[in-house]
């Protein structure tokens, strides 16, 4: 065997941070998938587009607040307003989708809402790309202050700290809502059994709407964070993160909230650190373009040995 | 909403639908020009793929979002062994040898994927198959030594008959029409056989099916392999038709198109698959035709009327809505917005007819029952 | 079932491992031999639809096709190209007949190319400009050839388009105006090695046809100069926005220069993320011609400062005329229309040839497509992108590559040997 670590500690630290950043975004989006699946057993294919709309709303606010020239305390204000606008826009989109494309199909054959979800996804992404932007991208203003935290080989930029911090805060908030509030109890009861919840006097429609809204808020914030970090946004931007977040949700065990979070980070780390670790094996060369192969292979491997994902229940209740 | 059970109206048997389709296809082939025949080819190709996926999704109830993997397999088998330019194989194999090779390769890949994932249920299967479709595409993109990557493989061996080769749009259309009829026949027979009943039992309730002594994994694997080989057959005919095989042709949108047309048509029956294909593949193609724009141009009075309305609206509401463009631009606009139309179409059809355009009879009864349909697809 | 399930899991895993091992063994990187750059052959003329001696009679305007990316990711490149081609015919009439431009969307893709070609053929165009991308062009060559319609691409640069692997040699109906990827990459490699004094380069590329070809040509030329390619060249697909992992690889490889072959849509976020890294703030960056676009300047802003970009071709004596007409008709700035001058020249070549071969007969025009093809081949004029002449295989004769640097948010052309 040759030397194991050909590359420096800084390299691994970099990739670790990259994995955690992507993982944060995947996790935030995955929460929306998993919660909707929990209550409706529906793969909400349009969730990536809910994320996209949020990102554009945040972009609008940041540009309106002065774009690249925003400075000082205005930056903080702009960021907060952008996130609020993004959450609101995402929520509006998600609720509209639920009302128009899912609710009429609630008792329809299982695959009908899946197809209408795909329809919404294609419609929204192309409406933004072909209808409004004619194929061009928008770029988030780079207003976030520079600066970085250095811990030995580890360098984390202020933006990365902000990104990971806000996503953790959002997830914490969501956990609180689900576990500690009456709304959350309603959602959990509906996820357990829609019929029983309804018998117990829980307003099922309301619980479903709240679920969509909560998932959309997470996606909206993720949209702003994504834009701040990767800069380029476009109508089709939701597709790849959407598929990845869905993968993360399944990895964690779909329907499970903590599973979505763990799945998100796990997938983010696999794509970066995991792939680079494989590259250390002599004879293996998996440059960047192979990362999706690594990610999906991992999914297959995990599901072979844990058919219901990492946190999934032993056997799906609804077979 | 679900008024489609009309006991009094006798329905045509399925073979009659297939016959009508065949006749319409042949009439189109005889009377229309190449651009239209090209569209008919695509519609028939996707209908064939749809019949393949229908075995998996409609009959056996397995949700497959990676059907493109098998389509790609068929196309690449024909390309790698049938084109002089392919880097890993010297010489050219006759197309009629390659065609069955492609079909077998499809079945093989289908079983390879099926073995580990078939024990999974419902939606887990969906994401794993989706991932597998992507893996195949990325492999094709990056394994330049076999596939030439994004440069693709071209100048493929063409099918020959007698001293002639199949190399025009029209000849390929006849070829895909024959394939579609063959696939229709085989899948219809399978559905009505013992195998078909086993699939149906699995689809309705896997545990009960197993309890009744049905080897569920074996039958599921069979459905997967049959669907996959039909996908590969489609790929093997598509490849020499476009005479170019590259990863960009095998993106997820192909899987989505095929799945959508199966479900829009009404799962589990061939008539629906053909109607779904005509709608989802034909309509977006049609939007790009000059003829469509010409027909629409006849409705210019409608635009003028709407513009008057817009003017009025602007005047009373301080809004500033733009006017509709002149009809010469409609063709370009329609082509540009075809995906928006496609997406809206999917939602509309599903909301208006949740069990598809032509629901199969037995399923129709299921869906109209008072009880909500069983949540699980597996 | 649990037992058999477990069995099949392991069997499957072992089958997969065995399969991977076979692949690894079978993987032998044989070098592809460069095809000789032979010219048009008689056989090539014979197979082309030209020999069916099509003489078209035109009553009304003369239809000329334009196949370009009008929607999608590359529309920012494609629309100005289509506009520039139209500008080439502005105010020109052929024996009293006007030009009717027929635009079709080739989406810059291998599927869009042939579909657009098909529609152009059906629209009975006498000649065409495009397709604009190599993949789409390759897939359309035969369609145009069968129909006997001569087409000139303003921007398809892959080497093998004029060296297809068929006994008949290059397609006689295909010409192109741009300088090839190989020439561009060579100029950039020389610039990196000689002028920037870079010894180690890291290569980032779009995995599409164009990006892969340009990246490979750069590596070849940079090594030939004496340089070294460090790290594994990193590929990405269109619409990628996350380049952080590639950037970590760049840092670890410690190159002197970064080379990117791709398009502006991905180069913009790449540059922004690259320059956001404290260690890579000032490392020289060289990008290919697909990246030199105004969208890069407006999108990447400060991050684009100091970037070196190449543009094959030069400014010819007709450039100012083209620029004025373009500004008048489409309100755009021709300086930023990449391949615009080439499209203008492609249109000019077709129109000049048309003027020679069109014969007026009773108020109608007769055009012999074969003669038109021959006239286009004989083209020789001063255009907007320099002197336009074609080699014996349809390629542009005499390659010039210009280098630009982004200074103060603008593209500034570099003088030879300056940085």
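The chains carry the letters A, B and C, assigned in the order they are written, with residues numbered from 1 in each.
Keep in mind that, in the parts below, a residue touches a chain if its C-beta (ideal position, glycine included) is under 8 Å from a C-beta of that chain, and two chains touch if they have at least 3 such contacts.
Quick caveat: nothing in here was measured; it's all calculated off a predicted structure.
If each chain is drawn as a node and touching chains are joined, the picture has every node linked to every other. The interface carrying the most C-beta pairs in contact is the one between chains A-B.
Inter-chain spacing, taken between the CA centroids of chain B and chain C, is 32 Å.
Each chain gets one centre point, the mean of its Cα atoms, and the points for chain A and chain B are 30 Å apart.
If each chain is reduced to the centroid of its CA atoms, chain A and chain C end up 36 Å from each other. Shown for chain A are the residues in touch with two or more other chains, namely 130, 289, 304.
Among all residues of chain C, those that touch two or more other chains are 9, 12-13, 71, 207, 235, 237.
Looking at chain B, residues 116, 119, 141-142, 336 sit in touch with two or more other chains. Per the touch definition, chain A reaches chain B in the complex via residues 37, 41, 43, 100-101, 104-116, 118-124, 126-127, 130-131, 243, 246-247, 250, 254, 289-290, 292-293, 295-297, 299-300, 303-304, 307-309, 316, 318-319.
Put simply, chain C touches chain B in their complex at residues 1, 4-5, 8-9, 11-13, 15, 26-30, 32, 70-71, 103, 105, 109-111, 114-115, 118-119, 122-123, 135, 138-139, 142, 158, 160, 164-166, 207-209, 212-213, 235, 237.
Considering their complex, residues 57, 63, 116-117, 119-124, 126-128, 130-132, 134-135, 138-139, 141-142, 205-207, 252, 256, 259-260, 263-264, 267, 336-337, 339-340, 342-348, 350-351, 354-355, 363, 367, 372-378 of chain B touch chain A.
Residues of chain B touching chain C in their complex: 33-35, 38, 84-85, 87-88, 112, 115-116, 119, 141-142, 145, 149-152, 154-155, 210, 216-217, 242-244, 246, 248-249, 288, 290, 332, 335-336. Remark: chain C residues 9, 12-13, 24, 71-76, 207, 232-237, 239, 241-242, 244-249, 251-252, 265-266, 268-269, 272-273, 276, 278, 295, 299-303 touch chain A in the complex.
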